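Sending over a structure as structure tokens; questions will come in a sec.
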Amino acid sequence: MSKTPSAIKDLTEKEYQYGFVTALDQEVIKKGLSEDVVRLISSKKNEPEFLLNWRLKAYRHWLTMTEPNWSQVKYPKIDYQDIIYYAAPKTKKDGPKSLDEIDPEVRKMFDKLGISLEEQKRLSGVAVDAVVDSVSVATTFKSKLAELGIVFCSFSEAVHSHPDLIKKYLGTVVPYTDNYFVALNSAVFSDGSFCFIPKGVRCPMELSTYFRINAADTGQFERTLIVAEEGSYVSYLEGCTAPRRDKNQLHAAVVELVALDNAEIKYSTVQNWYPGDKEGKGGIYNFVTKRGICRGHKSKISWTQVETGSAITWKYPSVILKGDNSVGEFYSVALTNNYQQADTGTKMIHLGKNTSSTIISKGISAGRGQNTYRGLVQIQKTATNSRNYTQCDSLLIGDRCGAHTFPYIEVKNSGSQVEHEASTSKIGEDQIFYCKSRGLSEEDAVSLIVNGFCKDVFKKLPMEFAVEAQKLLGVSLEGSIG
Amino acid sequence: MDNLILKIENLNVNVADRAILNGLNLEVRSGEVHAIMGPNGSGKSTLASVLAGRDSYTITGGSITYMGQDLTTMAAEDRARNGIFLGFQYPVEIPGVGNTYFLKAALNAIRKHRGEKELDAMEFLKVAKEKMKIVQMDQKLMERAVNQGFSGGEKKRNEIFQMSVLEPRLAILDETDSGLDIDALRIVANGVNSLRSKDRAIVLITHYQRLLDYIVPDHVHVLAGGRIIKSGSRDLASELEKTGYEAVVAGAGR
Amino acid sequence: MSWAAQIEQHSRSSKANWLKNLRQHALNEFNSKGLPTRHMEPWKHTKLSLIPSNPLQWPQQKTELLGFGLKLEPKKILDHVLKGLDCYLVTFVDGHINESLSNFPKDQGVQFSSIGHLSDEDVVSFKTKSSQHGVHSINAALFQTGIFLKLDKNAVLTKPFVLFHLSSENKSPTMKHLRHFIVAGEKSQATIIEFHMGFNSNDEFETSYLNLVAQPDSNILHFKIQEASMSSTHMGTLDAKLEAGAVLRSYLLNWGGRLARQEYYVALDGKGADCSLKGLFFGKNEQNSEVIIDLQHNSSNTKSEQNFKGVLEDKAHGVFYGKILVQKDAQKINADQSNKNILLSDDAIVNTRPQLEIYADDVKCSHGATIGRLDEGALFYLRSRGIGKKEAEHMLLLGFAEEILIDIDQKLIPIKDRLHHLLEATL
């Protein structure tokens, strides 16, 4: 009955909304990767010696590694010499001193994306750092945050303004040896966001970074570092889009979070990189390493992600629960449609006493999409009286997609409690029928049911993002039935 | 010595660092039925759990004396063997453990402690059958796992049935009336009434006075903010029903 | 001699064609895969050092048997364990069939022989499958004994069929490899019970592979009760292919062994096939107890259930690795998987890996896994009725295990009793 609703089929023709290209005056280096390229990137950013050395060590380590192949995703071999490792919108001399100096084209591009860089027209209470291709182009609300002692700026800027903090924390959560893509990122990362919340400060607004890949043939390798000192709190959001191109583009980011005693970091992502077309051509390879450490007593790190874009997503935002009584959370919605593949999940490593973690994962597979949840819950011997609760649900829409659940659970003490539940089922025909019998169209019914399915995750998102995510889900699902 | 069974003096109890009971005093004598009433969150169930010896409660002050012995250091099973019975508000379901097997093991543990002969399966069944009549327990329930798949009423009946088999000196019945329809309430109340005796004390913990229409208490206490703020005869319960807890709590000058 | 050399030697010496093919295939497989390594997912947490790196001796047939230094009387053991169960029986002593202690199946429409007497024709139903790993290759290449049972269409095995494997004391490390073939014809019925019991204090390596083909609408009830000695490495496999409407119910007690691993490969090939696998795995001291499941829904309207519970004490290590695969176009699938574990010591470890891999959409699949301690509410409830802490824990553990055994047919009371006896003694 529900196989070919024409209304929904029509919508398949609708294109990826953010697939436009902006004609920016770009500064681009030549394709390929070598030690010279690493040096060039570092010199373009006028980096201190320690950082260049760190990059070189990472690069040399990367040369010794091989690309991982254990995940459920399949893709043709990436030619790492066919990627541009640095692309930046050209700026007057040393980059914009203030928002007024931003290239009007960049400003227009962000307006088109619905992200206003004008502080006057801002989303209420969201400070934005905007990253195009390899560099950060604007950070709003900087001065207001500075009054509280909060540092929120581009990574490149932080390297100069707060080298001690960078030196102290960079690579402490995700060492450059961690995996193939981390080593690559550590060698060639061009920008990203840095955020530091001093002791006892509750950040009064959401901090947000907007990532945009614009140039062709480029890879984006950004790096985000967030440090929350004792008793501080921050909520951080990131959004991502890219133009529609036939060729796959690589995005290999690294995010590190550090929470000290009683600190809380809430990190939300709405990832909508270009997923490729209906035939599976083009799209972003989103190979990301995100990890936080609850270093302090009673600290808390919470990851919330809505993954609807990218041809391939490969990421496992994780929490190392080192401090006693610390808390880790992972809430995820991952949707794959057409030929998209997602292999995502989390790792919760319990080391401290009385630590607890919660994992809620909702996977939606449609079209020929393949969606894999892969998660590790590890309770070490030292983590007495710890708890984990995991729930992974998969929803299947259409008979050519796949949903896979691969939890790894390891418990090494008897006082802890781990519970894992998972289910996979088809979208309920009786639910769709019920909605339709009350006058809803099929596509509205599907969208309603899917949104209901994801509710537990959406309610963890900040308001503006939750609305955005719901809309995004609706758009991404279009054409999934039929 | 008068027939004092339970004496609680200035009892202070914490749960996870929060003070729940703050200086509670209570004396219960043999043959008496006490009703402890109070609004939600007043500490009623905490009192029941502390008396039965649940681990997660920390006694920070005061004393509990049962039959002349300090109760606070006694393990839960030793309290039961010495005649304390807690009727649970939410009886626990235990899959895989048969009801009959469980109760026989409990009775024999208590008998052994009393120096009485342990009962074999046949003897136990005889006792059980007799007692089942008291609360009109269905034989079929005995063949199932402990409380598993029992309705709310069946669970509460099972509690009173267990009480009748184990014959405690002091029974604390925690919200035994909650979740019961009027017929089930009558059956359970009749069961309790038939177990009233001069050698036994019963403490009823309840939110509503409804239960007290069926089981008439000798003493009624109002528990609020972790201590008993008013005590009286059964008329106090009727008064509460009319005026509500708020008025009594306010009247007690808190 | 190396495994490869021994396998090569054996693959040449076989006479019957089917056996020659099987051995040859095993040789090729072994040469390409070798022994399992940590890099192979289902072996990731296995203590691989407990798999001998070179072949051991096949145990000698002895006239006088010893068990832990005492005289061993197989007859008495059988009587004690089977408690008068009216059954067909094949007794293997140290890997050799003992006819005087056996009662071969002889129902109408039932063919029975030891594999030594098999013809190429007999094994036509068993397609030589590719081995999953090197231990299977070892078994396929080296097995020297086993049975063949074939039930014709509509045939009913009137008594449960017990395969009793007894190991006695050996002076040096030994190995034995057994393989049983069972073909259940259309609408046939049988109950198969595998016992493994060890009285050997010396190192021992035993592989036991049961190959089952369940033809349409056949109905098989299977038990495996593994009480190998604590110095043995036991690798058991149930390899079952279920055709349309076939039903398999299997129960496991993984009790003995220093490393005891039971693997299941179930292919639900025919429409409406239905499989339930249940079991308990225990570990004490430094035991390693593992359950590995690879269950494939290859056809529509198929149904599966897995329910395994583990109890680990001391320094024991438990592993559960269970996969449900639903193939593309296999629609209307019901699959459930549950693995619950209780850790009784801080030195015990459990690794659990329930997995769902689904390529069809009209499915209802779920899995759940828990690792934890005994329920404190239940413990308090029992204690508040006067039951001592130790006794209460024992009762709860028995209750935890009982859920797996509760639906075993009353006709198999001696089997149930044996299981209960082992639980009582262990938990």
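Letters are used for the chains, namely A, B and C, taken in the order the chains are written, and counting of residues starts over at 1 for each.
As a convention for this text, a residue touches a chain if its C-beta (ideal position, glycine included) is under 8 Å from a C-beta of that chain, and two chains touch if they have at least 3 such contacts.
Computed from a predicted model, the values in this text were never measured in an experiment.
Here the two chains linked by the largest count of contacting C-beta pairs are A-C.
With centres defined by CA atoms alone, the chain at the far end from chain A is B. The distance from the centre of chain A to the centre of chain B, each centre being the mean of the chain's C-alpha atoms, comes to 55 Å.
Averaged C-alpha coordinates put the centre of chain A at 45 Å from the centre of chain C. Between chain B and chain C, the centres computed from C-alpha atoms are 49 Å apart. Counting partners per residue, chain A has no residue that reaches two or more other chains.
Contact residues of chain C toward chain B in the complex are 375-378, 380-389, 391-392, 395-396, 398-403, 406.
Every residue of chain C that touches chain A in the complex is listed here, in rising order: 328-329, 331, 341, 343-346, 348-373.
Every residue of chain B that touches chain C in the complex is listed here, in rising order: 52-55, 75-77, 79-81, 85-86, 88, 91-97, 101-103, 105-107, 109-110, 113, 145-146, 162, 166. Within the complex, the chain A residues that touch chain C are 379, 381, 384, 394, 396-426.
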